[in-house]
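Before any comments, here is the structure.
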Amino acid sequence: MKGPIIANKDRAAVLVQALPYIQNFMGKTIVVKYGGNAMINEDLKSAVIQDVALMSCVGIRVVLVHGGGPEIDAMLKKVGKESKFVNGLRYTDEETMEIVQMVLSGKVNKDIVALVQRAGGKALGLCGLDGGLLKGEKAKKGVDLGLVGEITSVNIDPLTEAMDKGYVPVVATVALGVGDAEGEALNVNADTAAAKIAAALGAEKMVLMTDVSGILRDVQNPDSLIKEVKRHELDSLVKDGIVSKGMIPKTECCRTALEGGVKKAHIIDGRVPHALLVELFTDEGIGTMIE
Amino acid sequence: MKGPIIANKDRAAVLVQALPYIQNFMGKTIVVKYGGNAMINEDLKSAVIQDVALMSCVGIRVVLVHGGGPEIDAMLKKVGKESKFVNGLRYTDEETMEIVQMVLSGKVNKDIVALVQRAGGKALGLCGLDGGLLKGEKAKKGVDLGLVGEITSVNIDPLTEAMDKGYVPVVATVALGVGDAEGEALNVNADTAAAKIAAALGAEKMVLMTDVSGILRDVQNPDSLIKEVKRHELDSLVKDGIVSKGMIPKTECCRTALEGGVKKAHIIDGRVPHALLVELFTDEGIGTMIE
Amino acid sequence: MKGPIIANKDRAAVLVQALPYIQNFMGKTIVVKYGGNAMINEDLKSAVIQDVALMSCVGIRVVLVHGGGPEIDAMLKKVGKESKFVNGLRYTDEETMEIVQMVLSGKVNKDIVALVQRAGGKALGLCGLDGGLLKGEKAKKGVDLGLVGEITSVNIDPLTEAMDKGYVPVVATVALGVGDAEGEALNVNADTAAAKIAAALGAEKMVLMTDVSGILRDVQNPDSLIKEVKRHELDSLVKDGIVSKGMIPKTECCRTALEGGVKKAHIIDGRVPHALLVELFTDEGIGTMIE
Amino acid sequence: MKGPIIANKDRAAVLVQALPYIQNFMGKTIVVKYGGNAMINEDLKSAVIQDVALMSCVGIRVVLVHGGGPEIDAMLKKVGKESKFVNGLRYTDEETMEIVQMVLSGKVNKDIVALVQRAGGKALGLCGLDGGLLKGEKAKKGVDLGLVGEITSVNIDPLTEAMDKGYVPVVATVALGVGDAEGEALNVNADTAAAKIAAALGAEKMVLMTDVSGILRDVQNPDSLIKEVKRHELDSLVKDGIVSKGMIPKTECCRTALEGGVKKAHIIDGRVPHALLVELFTDEGIGTMIE
Amino acid sequence: MKGPIIANKDRAAVLVQALPYIQNFMGKTIVVKYGGNAMINEDLKSAVIQDVALMSCVGIRVVLVHGGGPEIDAMLKKVGKESKFVNGLRYTDEETMEIVQMVLSGKVNKDIVALVQRAGGKALGLCGLDGGLLKGEKAKKGVDLGLVGEITSVNIDPLTEAMDKGYVPVVATVALGVGDAEGEALNVNADTAAAKIAAALGAEKMVLMTDVSGILRDVQNPDSLIKEVKRHELDSLVKDGIVSKGMIPKTECCRTALEGGVKKAHIIDGRVPHALLVELFTDEGIGTMIE
Amino acid sequence: MKGPIIANKDRAAVLVQALPYIQNFMGKTIVVKYGGNAMINEDLKSAVIQDVALMSCVGIRVVLVHGGGPEIDAMLKKVGKESKFVNGLRYTDEETMEIVQMVLSGKVNKDIVALVQRAGGKALGLCGLDGGLLKGEKAKKGVDLGLVGEITSVNIDPLTEAMDKGYVPVVATVALGVGDAEGEALNVNADTAAAKIAAALGAEKMVLMTDVSGILRDVQNPDSLIKEVKRHELDSLVKDGIVSKGMIPKTECCRTALEGGVKKAHIIDGRVPHALLVELFTDEGIGTMIE
């Protein structure tokens, strides 16, 4: 494993400086929504896996929740499946859902699991179908989007049992349909799934890995990062246009987590190598923290 | 749930007659290799799932191991992938392996899990990558078959932990490559995987669900079923041509299980509804039992 | 074990149809008051024991509470003991109580235990003296009835400890006297004991096995069985004369159980073979259910 | 509770002098065969119960095994049952066995349990039928003695489970028949039962409470007590006539216990109040110790 | 071990008479403040250690809290350290504190531990620094007394963990400074420490061993001992001058314990051999009990 | 906490590079003999404490064994105690032993405990008297050295119980005398104590912190460090004069540990800051490793 040229004594110093952070998070639960470039770029991916293995190793209970849009699109293209849209929203028919389930639960999920295992960690790859982890109904968005779902219940047992045994549960966001979707597999939003899982677990933190630096006061100016936001300030940030477009669902998702009892929500930049460790193990942190 | 018209008193009688069988298997481990028609025909599939849920419910520790040849072939066809053959054996290249992993771990596996959950049972869908369950090297068959693997080690922890919590572990037979296949996912034979898992668990029984009645003394005569075979008799059965063709690897697989410490191996007919229950809960049983 | 001639596939069907009922009661506590013909007739007795062994085997926590009037009478007669009556109620003197204790705790109780053990189950025979299970004072009925007692406290520890280890506790209804009966053994009513034990355990169900079909709207008409009664309807059923005579203490006993937190109370016909299983494992059930 | 007039400081001294003995026996198992005068005389009985309660309270795992000859005889007489003899040995027919079981398991056993409970201890009354504790076959003595049995297996689970929860198991010596006595209750010798139970438990000590001082070198001279005997010396003691008559089966029983792994066997005088405590908690002890 | 000449039967009687007291305290927590003559006189010390070992042995959870004034004074004198006084109160400078810590934690504490171990008991010697047991700030008495502390928090974990494993925790009253004494070792009052520890443990009793008989109505008259006091009567006892001088902080300390949830506080005479046992195991007790 | 100026990304890199080492030692036991300059110099002491807190935090079971020569000498001087010598070896009389015990168990030991606690770790300060941890007899060196002892038994229970609860046991090397030193506290050599404790625990490693670099091939040349030595090579190293003087008892002590089952023994340079971490968490390590 290559790395920076740092003297052994400095290495030791870095380790002991991490000690109070490790002591602080030991035994606590952190739900990481993994996605974006950090899941595509091989170097970034490798860094995330190392971060997760380290976090788990020093006693943090990590849950890794992931989607997998690009891989799904690639596979849909490969099988020649044309996407159907309703009012501009993609409609998920049964054939598409089959691909979604396969790619998320069988490809992306298990590949992450294999990487954590190879990094010396322990991981179990689950999806919402396993042990009744995620149940959902069809999303109510005014139009019928097919097998797109909204989570109605989270059964944390498979997660806590796995973490008690030292595993990192890796969760693919497919839910088991109930009610109007009885018995169907449903495609659910990964950010929201992370928020609901974090809330159900009473997690210390939920961390959303994104492709932006966090909430920028001036979206053009990377130096204008807002490092801390109070939950009640979110509305005015939206009104002032500072939180806009794609950042709105991210902050909504953070709000869901916080209202569900999660202590802190973080929007961090997955394009920065080891962003997770920098967030957890340094005072400055990275990205925007909402509490 | 429809069913035969049986008076309640007869139902009660059937239940109490099952009692000694239940008492006998309570707490014991049975590894079932699920495949063939029983995995394709919807009625048979439903019956198998009910059998498995019932077995788990009355205290049997069930592990369900499955392959998924037909689904893999269908998906390969869908993406227009031509199979390459070497000396008549299919070569598994990386693109094919990706499909194999996706279909087995993401589609077949999770569909079974969802069915068990819907039947009121508890299931966890794992593949060999999860928690280091199955490790393997490239198969040594004289020719290079690409990412076809042979299992070199089984880590039973993820299975026993799941069973201790009341889950049926459902296992897709993808292994994590080590040695000459370091870090690759490998496609491993499901029958052999079941045998090695059963041996590693010190299982009471391994049951292979097939599309034949068992070992027939005269393959043309369905009434010539051999109900019990001693392990040491297998060689002469092969020499006499009674065990031949596709039955040879089945019996080899049973031998592997038995030599690994499994008490009994069964070759049963998955085309018969509830073959598992009939095998476990009646004196006559079904199929061929090797010990 | 003889039984109805039912094809194996139908047997399997019966078993899987029992699955949802088994799943429903798994881990729950059911207190059965055993008595009447079901305790005298050898075939019925054998069927009850099988039912209890099966219930215990599929994970139901069963407590069997029994009296033993006929056996007590027979032994009193054998030793030439004349019963003394006060205001028409039998007076229990010390010599009688000695016989009561011996017959209930030493004969009836241990015979049941032996039968459950022989049926492959696990049973422990206890009476109210064991581990302080039942404590009582002299019954206050306006007249002195000697060593007839009313239960004042139930210590569930010996029951839960036994059930945690997989035993069916079989309880003979002799209580340890406190207060005005300090140190005496007391004869307590078995129906009431079952109700108080069920309440103390927070049982799912209490089942009274009787020699009637349940509550009949017209006591002459066996087809007039009332299958479900709400607790608050009991008073008017008594007022209307539908619940009368011997049924009144039975329903009072059910009321005691329900008011103590038991979910459902059942009055079933012990003369029907396997009445317990039919009640638990079919939709129609048998007898009257009060909730 | 009356007692000797002893100053508080002397009481304290007595207690601390008992400390090393308590420390020595803490957590160890002692099987006491209770019988003879100590079970008939009310003062002696009360003293034994106190001793047992105290032993249990200071962390000794006590099992109390008892017969009940006199009570059985009294009841047989009461019901007018004539004893039948074969070659001078009493024949146990079914009716007699019913009385034996009732008196032992229902009267003597539960009375002891009630006394221990009233002394502030915790006791569970079991017989050999409970939880498969004692199994036996018909005694082979050259003649058919009916339902007299010999123990063929001891299942210690009900005993260890009870002791783990702090109970004193009180055991009535009725066994469940197997083999030639399948399903019958059998009358087994209490001394032998104590020895077999002690052996199965790997007990520290077995103590036989008798109506003699121990082994006397001269049976006429109470001062000739032999305090310690080595197991291998027993044969010559018999040959020399020092061990004779009723003492022979007692010493045989001790031999059975010792050969089964019990560390020490004691024959003590149950007519001496608190003989158990004197044996355990003083250096001089009481009676004869065989090792 | 010498002792009073008491017949074995009387010894047995004493033991069984202690039974109800033992049963009463089994599993309960008793915090003993050990000090005064009982810690100086070798015979008294030996008696206390025996009492503590016996209490622990019969299932009482004992915590022994001690100071060590005389030993500290002796060592200060030995090193030629002159005590400095502020307003008549001793000032604890760093050098003195070093001696205090050494003598309390290293000499007095470990000597007690060794004595308990030699008496066959199990003891662990802790001070307030171990496992964060006692934290404190500088005492606020109007003047600066240096490293004299007041306890601000008690972490009972090291105590309960030790008692769960059968140890008597022996506690030297040195606290870890926080706030204005960050990182310093602080000298805390042992009586108060015992009270705060007893309160934190929710102890059944706190016992202060002193060099007086208890609260005397007339301090000149040893027969005027007040055996029981209600907490609310303490104020008037002080007002009436019955509780005065050195007894005031003792009763204040008892009040602290009682207000913190301790059931009973005792002031006993450590000059009486086995005062602890007499208090716990006789009806008359010794000293004054406040509740 | 100041430290080297290292960019956050490099800090993250250092942390993940430590991951395989952490994974390797997780759950393993490492016994560290702490002494020399690392215990005197405040900066070094602080670094050792951080190292120990970190090791404990990442799941290593650390036992810290220490002596305290300089502090003992200082205190002996303070009290004006002259050392007496026999054949050039210091004689430990009772008064000296009292100082030794006080300083080691009360001062050095508890100061280390306080530092670990303040560093956010959990520590318990024990000496050999606690829980029977170390027992010993008088050292047999040809002359009477008074209360100098040799360890005869190690009771690991207090250590494993503490480590199971997450504490670092800090051990002062005072032993409880048995045999010819019955009841005395004995002064035992700290290196040997570490070796015997490591052996009794079946430790992964024993690390001796010294004031030299390790075994130097040429004692004048600091670049001649021998990094690895096989146990069987020690004799020839002594014969060749490479291991000489003060290094001889160090290597003997390593041999004791290795022969007792410890996997590896290390002699490291305590004068190098964070020598422990460098040894454990880098490939190069530091000092000499003997296996």
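We just call them A, B, C, D, E and F in the order they show up, numbering each chain from 1.
We adopt the following convention: a contact is a pair of C-beta atoms (placed from the backbone, for glycine too) under 8 Å apart; a residue touches a chain by one contact, two chains touch by 3 or more.
Small disclaimer: the values here were computed from a predicted structure and weren't measured.
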Item to check | Labels of chains that are neighbours to chain A and to chain C | outcome: B
Checklist outcome for this item: Rotating chain D onto its identical copy chain E by a Cα superposition takes an angle, to the nearest 5 degrees, of 180
Checklist outcome for this item: CA centroids of chain D and chain F: separation to the nearest Å works out as 55
Checklist entry - Just how far, in Å, is the C-alpha centre of chain D from the one of chain A? => result 68
Checklist outcome for this item: Listed in rising order, chain E residues that touch 2 or more other chains are none
Checklist entry - Chain contact graph: line, ring, star, complete or other? => result ring
Item to check | Residues of chain E touching chain F in the complex | outcome: 75, 78-79, 98, 101-107, 109-110, 113-114, 117-118, 122-127, 129-132, 157-158, 161, 165, 167, 172, 174, 176, 183, 185
Checklist entry - chain B touches which residues of chain C in the complex? => result 1, 3-4, 6, 8-20, 22-23, 26, 47, 50-51, 53-54, 57-59, 119-121, 272-274, 277-278, 281-282, 284, 286
